[in-house]
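Quick heads-up: structures coming right below.
Note that chain A is present in both complexes that follow, paired respectively with chain B and with chain C.
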Partner chain A sequence: MAKPKKGKKVNIDAHGTILIPVPKSIPNREHLQRLNYLYQLSTFQTMEIQQDKANSLARMYAKNLDLIQKKTKCGLTPGLKRTMCKKCHRTLIPTKTVKHRIVNNSRRGCKSNDILMAECVCGAVKRFPVGRNPSYETYCERDGNLHLLSAGRER
Partner chain B sequence: MNSLKQTQRASAQRKQVYKPILDNPYTDEAHLWPRVSDPALVAELTRRHVIAPLAHARSMALAPPLDVQVGFNQVVEYLETAPAGTRALLFACTRDGAPAVLFAQLPVLARVSACEVTLVQLPRGSNAVLGDCCEGHDGLLLVVENAKLDGQFAARLRECAGEQNAAPWLKFAESRLGVLATSVPLTKKAAAKTGAANAGEKASGKC
Partner chain C sequence: MDRFQPFITQNLLTKSFNDPTKVLNENRLQETLLLLPTDGGMSSRLKQRNRKLNLANLEQESGIRHPNYRKINKNSKLALKEFINTSRKAITQAKKIAHENSLSTREELESFLHKNNRDVFDKLPNYQTFLPMYSDLWVNYMREILNIPDNLSCSKNLNINGTNSLLKLSMADFNGSKLMVSKSRNQNMRGLEGIVLWDSQKTFIMITKGSLTDEIKIIPKKGSVFNFQIPINDDDALEYTILGDRFKYRSSDRAGRKFKSRRCDDMLYYIER
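Let's turn to the complex of A and B:
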């Protein structure tokens, strides 16, 4: 860590965390843009190309996305990751590649045991316990954590 | 003698960092739920033409006067199997603390469905109102547009509900890049330096 400059005040919050202002540019912007392009290609292929039942090309794009994301250590929001199958790398589009249902296997049918199941055509299932805490938000969705930088600012 | 606040400042344990992150290009508000131009009017129209008749029929133990699908499973099943050419109004209480993952699927489903669906976001507090006319609704109510539903009401609602982008995947969307604020632990050495710097500032009266 760089040594703090003399006379420069270091902001520390009540939890003992040194606060730093939000950066004005994004490192590795090219990698993120490449990932974005691959994701949109994959979605387009899944939506529009009806002949390819196995979604081969779309899956290849999504797999590349996954590999590049891991290699470059770029982050993806949970909202994006939820639209991709971890097993077959399909983009999850309702009626085309995924089926959503709320199931409740509890004996009393208690609302708090509701589980949203997203079943991909490959058989992989994502389970979201939506009944347990309906107001649950991921870390990204909570206020003040994610700072989206517009196109003008990021250049 | 140091105050508690001074002690906390002197013992910085973590440092804030910002990690670059890519958001879903299709979760933009323009791409998801269309913005309602007049929420009060939409709420009133819905209450008068949909909720009140259904609540009345329920209280009298009669069959519902409209063709409705209630709850997530029924709505999704209908949209998946709906015949082409039909029209429907999908009311959703997205602002009543409902799980975001539940509602994130519906705009895409409405687009790929064979029937023409108008998405209508209800204002905050509508979840309890929907509870008056149906049980187990999950904040979702789909009304099929047929002879049982007032045509003028449907047309007016469609005007207020706003237009949905038909196929956002046909046009390249700009990447939604951002930074995620998180923190990393400081090494003991760095923490000591920060503490010393703060203590020095305090002593010289700069803070």
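Let's turn to the complex of A and C:
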């Protein structure tokens, strides 16, 4: 049996979950900044550079982002991941690299089976069941799950 | 001498053929090899699913594939290679055209290409379009990493933790930075300045300003030393140096790497002038 060490107090609430205090600073902030920068770069490239027909540079940056995220084990929010193609690593910008449409494959066509399809230029499709529960929010979007830590610039 | 034997017709071939004279009957398989769903109750549902797949889904699924699927879905590394090669080819073509038509200034060349050689003009990379990558994004990124406040009036007020900031810089991203080759074993590379498009394992791919056209250059890290500046305010800048020989990792590998000391007998060119 693992006993809690002496010097440290472990707070356990009524439901048996361990309460961990919110960290005061952002752990490995450099990596997050780098990921943020790479995301900005790839979005900029897809928007601005017309010579690059296949968005190759933007895709390389996004691929780099993906690799670094895996290497440093940083989690990305679903909001960010939904703007990237999982297959070809394009930044999904409406009318430029992605087409949205609503598809209903059910026989009766009832509203709850609506599916939002985001189709990347490469042919990969992201499907979101929007009709099932319109008020659904991801874990990060719900209130009280995110903590605001002070950014480094103000110090 | 009748070679037609009734025995065979009656006994041997009755199971498989109705008519031995006509050996391949198209419908014979249908009678014997009919596949039926094993679960009797499920049969109606299965059939409906199949029908649906035929009519509605098949059209949709074929519609998903883009007509230029192979071309668009190309591996991003190959696409980058192709992009660099095509733009370099376009640059040489543009230079050739300029030479043939004796165009000496940039404006003349660009207007000429715009009028006559549209395909070359479209492929020419432009330094100005890549410039915001450095001036807006990268500089701000560096300031964020090194904790440089936005409007600093005097550079003396700045205090930076030296070793800490170097560690941060070693993990930073150099895509989009503006580098200058300060020292190199290759004499011709000295003084080249450009914005890094891609930081590969052994080279920096840069776009440099030129008098006639902007050029994409592939500069090996081996045997060269790079300088870069991080502007603090309008007048002052921090200057750092990258030793290309010690920087030979892919930029994604550099994320968690600690640089170790190595023997330095390959760095002699650094002391020689």
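The rule is simple: the second predicted complex is superposed on the first by the 138 of 155 C-alpha atoms of A that agree within 3 Å, B and C clash if a C-alpha of one lies under 4 Å from a C-alpha of the other, contacts with A are read in each partner's own complex, and residues count from 1 in each chain.
The rule we apply is simple: a contact is a pair of C-beta atoms (placed from the backbone, for glycine too) under 8 Å apart; a residue touches a chain by one contact, two chains touch by 3 or more.
Remember, it's a predicted structure, so these values are computed and weren't measured experimentally.
S.K.: Give one word, clash or fit, describing how chain B and chain C relate on chain A after superposing.
M.R.: They fit: once the shared chain is superposed, the two partners occupy separate space.
S.K.: Let me test your reading of the model: by the given contact rule, A:T95 touches which partner, first (chain B), second (chain C), both or neither?
M.R.: first
S.K.: Which partner reaches more residues of chain A, chain B or chain C?
M.R.: Higher number of touched chain A residues: B.
S.K.: Have a look at where A:C122 lands relative to chain B and chain C in the superposition and call it first, second, both or neither.
M.R.: In the superposition, A:C122 touches chain C alone.
S.K.: Please indicate which partner A:N64 is in contact with in the superposed arrangement: first for chain B, second for chain C, both, or neither.
M.R.: second
S.K.: State whether A:T83 touches chain B only (first), chain C only (second), both chains, or neither.
M.R.: The first partner, chain B, only.
S.K.: Return first, second, both or neither, reflecting whether A:Q40 touches chain B, chain C, both chains, or no partner chain.
M.R.: In the superposed model, A:Q40 contacts both chain B and chain C.
S.K.: Look across chain B and chain C in the superposition and give the shortest C-alpha distance you find, in Å.
M.R.: Nearest C-alpha pair, chain B versus chain C: 5 Å apart.
S.K.: Could you list which residues of chain A make contact with chain B in one structure and with chain C in the other?
M.R.: On chain A, the overlap between the chain B and chain C contacts is residues 33, 37, 40, 44, 48.
S.K.: Spell out the residues on chain A that touch chain B in their complex, using ranges where they run on.
M.R.: So the residues of chain A touching chain B come out as 1, 3-4, 6-7, 9-10, 12, 14-20, 22-23, 26-29, 32-33, 35-37, 39-40, 43-44, 47-48, 74-77, 79-80, 82-83, 93-96, 99-102, 116, 118, 128, 130, 134-137, 139-141, 144-149, 151, 154.
S.K.: Spell out the part of chain B that touches chain A in their complex, as residue ranges.
M.R.: Interface residues on chain B, with respect to chain A: 8-9, 11-27, 71-73, 76, 79-80, 97-102, 104-105, 108-109, 112-113, 138, 167, 169-170, 172-183, 186-187, 190, 193-194, 197-198, 201, 206-207.
S.K.: Show me the residue ranges of chain C that touch chain A in the complex, using the header's touch definition.
M.R.: Against chain A, the touching part of chain C is residues 56-57, 60, 64-66, 69, 71-74, 76-77, 79-80, 82-83, 87, 122-126, 129-130, 132-133, 137-138, 141, 144-145, 147, 149-150, 168, 171-173, 175-176, 197-198, 251-253, 255-256.
S.K.: Using the touch definition from the top, list the residues of chain A that touch chain C in their complex.
M.R.: Contacts found on chain A: 30-31, 33-34, 37-38, 40-41, 44-45, 48-57, 59-61, 63-64, 67-68, 71-72, 87-89, 103, 105, 119, 121-123, 125, 152-153, 155.
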